[in-house]
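This is the structure I want to talk about, given as structure tokens.
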Amino acid sequence: MTNSQELKETLARISGVDVRKCMRCGKCSGTCPAYDEMEYHPHEFVYMVEKGEIEKLMASPSLYKCLSCFACVERCPRGVEPAKVVEAVRLLVIRQQGCNHMTPDQIPALLDEDLPQQAIVSAMRKYSK
Amino acid sequence: MQSQLIERAKALLADGTVDRVLGWKAGEFAYDMTPALFSSAQELDEGFAYDAFCGANLSKYLVKESRKGGRVLAFLKPCDTYSMNQLLKEHRILRENVYLIGVPCQGKTDVETLRALGITSITAARQEGEDLVVETLYGQRRIPLAEAMAERCKACKGKKHMIYDERIGEEGELENPDRFGQVAALEAMSSEERFAFWRGELSRCIRCNACRNVCPACTCEQCVFDNPASGVDNKAAATSFEENMFHIIRAFHVAGRCTDCGECSRVCPQRIPLHLLNRKFIKDINTFYGEYQAGEEAEGRTPLTAYTEGDVEPSVVYTKGGND
Amino acid sequence: MKKLPLSQMPALYAAMAQGGALYLPVDNAAGDAQFTRWQEGMELSRALNTVRSAKDFFFPQTENLVSFRMQGKTIEIIDPRTEGEDFVLFGVRACDARSFTILDKVFLADPVDSYYKSRREHGTVVTLACTRPEETCFCQSFGIDPADPEGDAACWLTEDALYITARTAKGEALLARLDGLLEDADPAPVEAQKAQTAAILAKLPLAQFTTRSFGGDVLMKAFDSPKWASLSEACLGCGTCTFVCPTCQCYDIRDFDTGHGIQRYRCWDSCMYSDFTKMAHGNPRTSQLERFRQRFMHKLVYFPANNDGEYGCVGCGRCLAKCPISMNIVKVAKALEGDVHE
Amino acid sequence: MQRIGVFVCWCGSNIAATVDVEAVAEALSHEPGVVFSANYQYMCSEAGQNLIKDAIRDHQLTGVVICSCSPRMHEQTFRKTAAAAGLNPYMVEIANIREQCSWIHKDKAAGTEKAIILGRAAVAKVHLNAPLVAGESPVTKRALVIGGGIAGIQTALDIADAGFEVDIVEKEPTIGGKMTQLDKTFPTLDCAACILTPKMVDCAQDERIHIYAYSEVEKVEGFVGNFTVTIKKKARFVDETKCTGCGLCTEKCPQKKVPNLFNLGLDTRRAIYIPFAQAVPKVATIDADYCNMLKNGKCGVCAKVCTAGAIDYKQTDQHIEEKYGAIVVATGYNPIKLDSFEEYAYAQSPDVVTSLEFERLTNAAGPTGGTLLRPSDGKHPHTIVFVQCVGSRDTSGCGKPYCSKICCMYTAKHAMLTRDKYPDTEVYVFYIDVRTPGKNFDEFYRRAVEEYGVHYIKGMVGKVAPQADGTLMVQASDLISNEQLHISADMVVLAAAIEPDKSARPLATMLTASMDTNDFFTEAHPKLRPVESPTAGIFLSGACQGPKDIPETVAQAGAAASKVIGLLSKNKLTGNPCVARSDEMLCNGCSSCEKVCPYGAISYEDKEFRMPNRTVAIRRVAKVNPAVCQGCGACTVACPSGAMDLLGFSNRQIMAEVDAICK
Amino acid sequence: MQVNEGFKPTIVAFCCNWCSYAGADLAGTNRLQYPADVKIIRVPCSCRVNPLFILRAFQRGADGVILCGCHPGDCHYTTGNYYARRRMTLLFSMLDYLGIERERTRVEWVSAAEGVKFAATMNDFVSTVTALGENKRLEDLRCKAN
């Protein structure tokens, strides 16, 4: 299995979205308030996932332009839920080994009196996978 | 109570409202009441009995009686009135030919229950407060009345009559007994355990047809099991399959129509808990299609002659609502 | 008279079961006594009698008579019988023991029923005397002494021992097989028990019940009695009385299509059933009154008329206990008494 | 004992390749009752059929088993073959050894074994078959058309043209339907009224057509050829026979503020009204919800001005019972409600309209007299945005999952006409796909783009926001240029999905005609019987069966009419003999069967039975009307005593098949 | 799921004439394979199937019985499958209650267009029943081949 296929399946599992349901109407992009900020627009997210170009998306800053307002999810006539795709790509980035990866020796530098202990612990949990 | 019933029956005979009376007749012992017809005041005085051993559900007799011409008075206990309604719903009883008197019932003592408790050789029985005092050939026995009752009375649906022309005594209350505890306990077993349980029970069946013939829901002109043309007739349960088939199909045929009157279990000479088959259907119907009590009304559809578009799929048996 | 201490009962059972099967009343799941094939550890039921009578062993509820195997268009006829197993029937009460005599009159009279005969030959009946008869018992009405039962061998259970005596050659043979376990006994305790039981019998509610009035030429009087109508009014037409009855011997012969052939079997039938003796033209007894009458006329009138005055009833009381509507031979006989003796 | 012939078909190699046909024929020849067994290359060929006929005659066969393709394919063929040889056609059974055997199994041994078992089951069934004769019933030579739109009108005209009486039931005060509200029709741009109104007049003038306007079907009983229908003629409070349609009352009525539904509420009318000038019948109707006289007894102006004396405030609903041989459903469609599409601001802004409203706004008989003006301020719009697929192809639950089919074309029409009449107006059309599969359709669409300069943009509108200055901010995606557009528009026109009329569902229940999940009527066969309902005698015309445009509707209307004509031309109908039958000796009259019968085919009668001893008993027993029964068998299982059985699929027959299969 | 090597179950499939039988035909037309253990009995509607037929099949040696009908709402006779659905739900629940393996009985809705679903359903059902092995709890020994 190629990396792109693997990513595609992981993404489908995380997001629960079936990108094949998209009929390319573009209503998601028509409704998106962050459209102009984005390199890849909501409909492209869906289409690129279908084509397997997930690595491109992972590298794109568009990921973090999505406000997760869910307007696209609300308006999509086919129930595709583009925002969930975007979120899933974000998670793919987070889950990547080495990227955002946190090791225990990094923690002392992060410690700060105002930071709750719990935040560190949960960050460890999330970023050490 | 007995004298009150006799007086009322005499009056209705005298004024021509009815020309005969369906009730119970005393027997040889304290407990062996036989359903009987009385057509004169004298007959009533001589033999009419009504006491805690008058368990038989008289409604089924009215299928035949209501077609004999004249008008018959029948005394119905609260649970019998459900059967009555169901039979009316199925056009089996000609309503205009019967006169119904609802009689109160405090639960019926049952000789088979006493025997199961080891109280045999009974020569007399009487009520003393909350107890039943039983004289036997080998001494006196005393047990709480509640324990002397048949299972069906322990799970009584209530003392309210569903239909009557007149009622003796106060209007009773509906009750909400736990009727499905035994069914649920069986459901909680593993499939193997349930199989073993039912094999043990049904293997005792002698196919005497008492359950069927007493059942107010079984009023077919000819039962499929008696009809050689049906292709499924059988006179004896020759194999375990036939034991199963008779009881599955019988329960299925009365599903949605069975009022849970408990006559089947009462009359089974082998004490097979047949009501647990009927109650399973009742429980499933309640769970899957909403609460339904057969015989509450004399009109309308039964659960198996109705449907909704959103009914559960049969696969519910494999998952939730299934038996384990 | 021989005896063995009660502690030796398991050994007795084991010995009886040697070389065949032993059936004895054992409590079933419903708490009722039921003849059961003995296995290690089983105990004799304390109940007075079984729900099903002992006739099952000679006249089972269903029995294959012949099979037809079909292959394509050919039919092969097969006798399904195999050499039967010897068996001992232990704990039979006096009433059931007498019922075998009645069944014999039917099945062993010419033409002999070879299926029945074979079972009778393989079976040894060991009876057990009653000590606590119940209110439904009326075997004494038919000259049966429950304290001194018939059978191939008879037993008495006392507090500490089982007394046994052989009454037939078969019984002798059985006792011979059990010889190592038994010791000679003084019959005094047995006699004492008989006396005690006799005292109880005299006090039974049905002690005075008799069918004597049905002796003689009462056929038409009984048949024409107007009482049948009210007596049969409540009858459900079920077969309970018939199927628990030790003397009812009617059967039907039917074919079962197995898909590969036909099994012709016989099964108990009940004169209470609407299709009883149904023939091509229909049914000779079209109403429940006629069917109900048939049953009691048979037991009280027809059977004795053809069998030297022997009634088709042994007074076991099963139908009294089990009829769903509590109608029974005692009520019928009492009701008709006046009519037949006008 | 039957004398059965077994005929095993090779179907060329279709069966013979995976089933040893010789072995099947040989094995089945040993089955009880089988006196003849053969195999042949193509049983359905003339030679094959002759083989069967000859065998029936030569071997005096009483039953025939054909091991061949699916009975759905050739059961009729072989039944006819048997009938031709003098055997009752229902003595033929088919063992499906092609679709359900040779085609799905590769292993020849397994396939052969299964084919033998299937053949054996068929033989076992034939043993219990009995000759069946189909019943006959007369045909009432009159048709009912439910719905008086273009579909119903055309159907009625065609039926009447063939010489049959036909009634139209229309729930509105006039026939004409949706088409009366349209301005022009695509792709020819001829005027809707010009082509429709002559047909409406034809209906009114044809003496074989009777129009029940302002009426509804209330009850349907009976069956094909013999329907009895109760029609409710709603009270108009105007005597139809007296009203001349002069319209004076509609001018004098003081109640002026009634929303004019013909113009979709875009203007008002009086409480007494004639929907439009060409209405048929041209009769006034009083709107009881608004009439002062009917509401509080104070007014009576219309009665005073009516010289014909047609006003009758005391009129009540009338119920008319009529008999029909056939019923055509032509209940049409409606645009869906757009309440759940908040993003398009339909409820917020009067300038966001549906296409049908736009149609009225451009119609010369419409509220604006044909001049396109913004509903909010009556000004001329300079920028109009059309949005397609509003609620169509929508599986989110807000809309409809199907394509509404007509929107692409009427939107092109609207866009083109707007640009034609008002060249200063910018017109944008947002589309997902432009679907133009029709004669001259694509050319029409391209003309809108190429000749009229309509801006077609591939993409969807995400949001319409009414602005303070009265404009509408349309935010949309342009997928080709991959940008988000923000268009300041004066009007937005929504191509709302269309759905079956709400009256269709209860009507379907009355007719026992089936519907799909979208409430469109189901056709008897999607390809081969597209204008018939599965329920015999019920026919489908127009959009009640699925979205369609006018030419398609008219074509289907004609097709439905021809089916009706075919039916009404018969003097007698031959039924399906495989119907339920009640054994009255077993029936106890409990009514379980009646309750589950979807056709009302079961009734009860009190029947006398001779009982023993010369007595008589009267018992209630079920009776099946074989002309109404469709043979589903629901009753047979509802019946506990087995009194109810199904001919051709009897309990014994099915059990014999079970036995043979499980052997 | 364990596989019962060598065991060939007997499966009776009751198919309604209008949807499921046509679906089975379509599976055939598309050459979609499913085991030959499945034998189809054509009935006009799923509501024609009497519980007696199902018990009969088990008595005569079936190891599994499946009933296929039109999808609810699509019944050719409008309501037949709704009644069938209730009947079978209750019957199957009762069989399960009596300790008969619940996997031996099944209802599936298969339309005339669902040839693929028909084949897949049959494949799945056959493998389920094969894993269960021979029907012992509802057999009638008289009917066993000898």
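Read from first to last, the chains carry the letters A, B, C, D and E; within each, the first residue is number 1.
The working rule: contacts are C-beta pairs under 8 Å (C-beta built on N, C-alpha and C of every residue); 3 or more make two chains touch, one makes a residue touch a chain.
Every value quoted in this text rests on a predicted model; they were computed, and no experiment measured them.
Setting subunit D aside and leaving every other chain in place, the chains that still touch one another form these groups: A | B, C, E. Of all chains, the one whose mean C-alpha position sits at the greatest distance from that of subunit B is A.
With centres computed from CA atoms alone, E is the chain lying nearest the middle of all the protein shown.
Looking at B-C and B-D side by side, the one with more C-beta contacts is B-C.
When you average the Cα atoms of each chain and compare centres, the chain farthest from subunit C turns out to be A.
Taking each chain's centre as the mean of its C-alpha atoms, subunit C lies 46 Å from subunit E. Here the CA centre of subunit A is 66 Å from the CA centre of subunit B. Subunit D and subunit E have Cα centroids separated by 32 Å.
Shared interface positions of subunit E, i.e. residues touching 2 or more other chains, are given as 51-52, 56, 60-61, 73, 79, 83, 87, 142-143, 145. Residues of subunit C in contact with at least two other chains: 256, 259-260. Multi-chain contact residues of subunit D, defined as those touching 2 or more other chains: 596, 638, 651, 655, 659, 662-663. The set of touching chain pairs reads A-D, B-C, B-D, B-E, C-D, C-E, D-E, using the touch definition from the header. The part of subunit D that touches subunit C in the complex is made up of residues 30-32, 611-613, 659-660, 662-663. Remark: subunit D residues 585-592, 595-596, 604, 617-620, 638, 640-643, 651-652, 655 touch subunit B in the complex. Those residues of subunit C that touch subunit D in the complex are listed here as 70, 72-73, 257, 259-260, 286-287. Residues 21, 23-32, 35-36, 41, 43-44, 71, 75-79 of subunit A touch subunit D in their complex.
Residue ranges on subunit E touching subunit C, taken from their complex, read 60-61, 142-143, 145-146.
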